[in-house]
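Below you will find the structure I want to go over with you.
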Amino acid sequence: MKFFILDVDGVMTNGNFYYSVEGKVLKSFGPDDSDALSILKKYMSIEFITGDKKGFNISKKRITDDMGYKLSLVSTMRRKEWIQEKYNLNDVIYMGDGIFDVLVMNAVGYSIAPANADKNAIDKADFVTERIGGNRAVSEACLHILKKFYGLQSLEDEINSRNKLDTGEWNIC
Amino acid sequence: MKFFILDVDGVMTNGNFYYSVEGKVLKSFGPDDSDALSILKKYMSIEFITGDKKGFNISKKRITDDMGYKLSLVSTMRRKEWIQEKYNLNDVIYMGDGIFDVLVMNAVGYSIAPANADKNAIDKADFVTERIGGNRAVSEACLHILKKFYGLQSLEDEINSRNKLDTGEWNIC
Amino acid sequence: MKFFILDVDGVMTNGNFYYSVEGKVLKSFGPDDSDALSILKKYMSIEFITGDKKGFNISKKRITDDMGYKLSLVSTMRRKEWIQEKYNLNDVIYMGDGIFDVLVMNAVGYSIAPANADKNAIDKADFVTERIGGNRAVSEACLHILKKFYGLQSLEDEINSRNKLDTGEWNIC
Amino acid sequence: MKFFILDVDGVMTNGNFYYSVEGKVLKSFGPDDSDALSILKKYMSIEFITGDKKGFNISKKRITDDMGYKLSLVSTMRRKEWIQEKYNLNDVIYMGDGIFDVLVMNAVGYSIAPANADKNAIDKADFVTERIGGNRAVSEACLHILKKFYGLQSLEDEINSRNKLDTGEWNIC
C-alpha cells in the first residue's frame, strides 16, 4: 500500500454541516487524527478528497492550511475514475463514509469506514473503526494501517524512537 | 405513494438550535441525506415543512437554496389540514420527530420517525430509522421507501445504472 | 404542585458552552421542550433560573425573548434560599443537572434530573428522564408531571382538545 | 499529590475544533467541571497545558479569563520534560486524552483519562472516568481525587460546610 486517500466530511468530521442564514459556515474536526497522520505519513503518501463544493474552503482551511495535506474536489460519483487515472488502484487505501463510497471501496486495494458510516459502506469496508468520524476514527485507522501493513508493534516505541529525531514536528492540533 | 413530506428540525438536523445573544443562529445538518433524496426524487415528489418561524431562513438556506427543495412554514398543529388541502392523505409519506407529529402520522398513508424522535411519534410511526436526525436518518428512510414501495433490490445497481446517465447530478453535500 | 422551576444549562441545553476568542458565544437548545412546556403552563407556573452570568444574555434570548418565560440569575449555592423566600418549597418541582443541585433537590417537593446529569443529582432526583438535556429531557419531564400530578391519560387527547380552542398558540420552536 | 495538571482539548472539551473559512473558531466546554475544580483547588494546585497553538486564545478565554487558571502552551511530545523541570513527577496527577499522553502518564504519580480518550491513554491511565471530555469528565475526576487522596466522604457535607464560609465564591459556569 502506497497511498492513503481520505474523504473529509464524516471521516475527519462528524459529518455535520452547521448552517447560518448565510449558508454552510462551520464543520467540526476532532482530536488525534492530525497527530496519527503525522506518524503514518513517513510510510505512505496521504491526501484528501471531498465532494463538498460549498464547504470546500472550510475543509481546505483545516486539511491544507493547518494540517498541510493536499485536498481535491472530487464528486463521490467520479472518485473511482479519479483515483484510477492517478494511481494503481491496488496501491490505494481509501477511507470514506458515504452512501456512494461503496463504488470506491469495490475498486481500491483496501478500504476503511468509520463506525457511523453509511450501512453499505460499513458492509463493504475491509476495516470499520470503533470510533466515529471526528472522534478519532482516522487516528484509529492510522494505527490499524501501521500494524497491518507496516508491522508496528507498539505505538509507544514508535513515538519514543521518533521523539529523539524530530521533537516538535508533530502536534498540529 | 406519490409525495414525501419531511419535517426539518430533528429530521434533517439533530434538532439543536444554536443560540447566540442575537438569537437562533445555527442549525446542524448531516451527511448522505441530500444524496439519498436525489435518488428518491426520480420516484416521488419531495417537499419540506417546518414550524420554526425564527429559524426559517436558516432552514431555507439548506433545504431550498443548497438542496433545491420547496420549504413551507406550517405549524405542527395545522399540518394535517395543510397536507389534506393539497394532497390525498393516502398518497403521502410523512417523516417527523416532534411531540405533535402524532397528529399527522395518524392521518397520512405512511409515516417515518428518526431514532431520537419523541416517544409518541416513535410509537405511532410505521417505520423508525436506526439513525438519528442529522445523522443519516433521512438517508435511511429514503432507502427504506425505495425498497418497500419501489422494489429497489440493490443500491449499488441503482447507483451504477444512474451513473451512466447523469454523472455529476448528485452530490449536493 | 404549583411551580415548576428549571435550570437552563444541561437541562434546556446539552450543557455545552461554545467559546470563541471572544468568550462564551453559543449554547445549544433542543426540540419539543418549548412545545411541551406550552401544554404544562396551563397547569403550573413555570420559570427558569441560571447560575451562568457570562452566558445570561444567550439564555435570556431563548428562554425569555423567544419562549416567553421569566429567567432569574441565581447561583446554585443560593437556590434553595431563593426558592424558599418566594414559594412554599413543597409546592415546587425543580429540574436541575448540576453538581450542587442536590442541595435544591433535598429541599423542594419534587425533583427531576436529565439522564446526563451529575451522578449525585441523579441519585437524589425523584425522577430521571431517559433523554438528555437539550434532547427532549424537559419535554419528557413535562409529560411525566402531567401524568403524575394532573392525571393526563393521553397526550393525543390533550392535544386534540386544545387544538379546537387555541390553534396556533403553541409551536415556538 | 500536590499538583493537578490537565490537558484542555478532549478533557475540558469534547475534543472538537469547529472550523469556519477563517480557521479554528470555536471549542465546546461543558458543565460542572469549573464547579468541581473550585472544590479541589483548596487541596491542590491546579493548572492547564495545551498543545493547540492555533486555538490557544480560545482555550485561554475559558481556562484563564473565565475560570482563573494558568494555561501553558506545551507540545504533548515535550510534556513529560516540561513537568519534570517544574515539579517532582510523583507529586503530579495528570489528566489527558491524546495519542501521545501515554508518555506523560508513564511518568507522573497518577493519571486520569476521560471515557472517550485514545485507547492507549485509557489502557495506561490509573483512572478512567465514565463521562467523556466536555461532559463532566473533569468533574468526575475531581471527586475521584477528593475521595482517593483527601478522604472526602460526602460531597454534600463538603458543599454544606463550605457554603457557610464562602457562599458565592463558586459557580463560574
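The letters A, B, C and D name the chains in turn, as written, and every chain counts its residues from 1.
Note that a residue touches a chain if its C-beta (ideal position, glycine included) is under 8 Å from a C-beta of that chain, and two chains touch if they have at least 3 such contacts.
In this text, all values refer to a predicted model and were calculated from it rather than measured experimentally.
In terms of the distance between Cα centroids, chain B is separated most widely from D.
Matching CA atoms, the turn from chain A to chain B amounts to 90°, rounded to the nearest 5. Centre-to-centre separation between chain B and chain C, using Cα means, comes to 29 Å. Centres computed as Cα averages put chain B at a distance of 41 Å from chain D.
Looking at chain D, one finds that residues 18, 25-26 touch two or more other chains. Taken pairwise by the contact criterion, the protein chains form one closed cycle in which every chain touches exactly two others.
Touching chain pairs in this entry, ordered by label, are A-B, A-D, B-C, C-D. Remark: chain C residues 9-10, 15-26, 50-55, 75-78, 97-100, 102-103, 106, 116, 118-120 touch chain D in the complex. Across the complex, chain B is touched by residues 14, 18, 25-32, 35-36, 57-58, 61-62, 65-66, 134-136, 139-140, 155-156, 159-160, 163, 167-168, 170-171, 173 of chain C.
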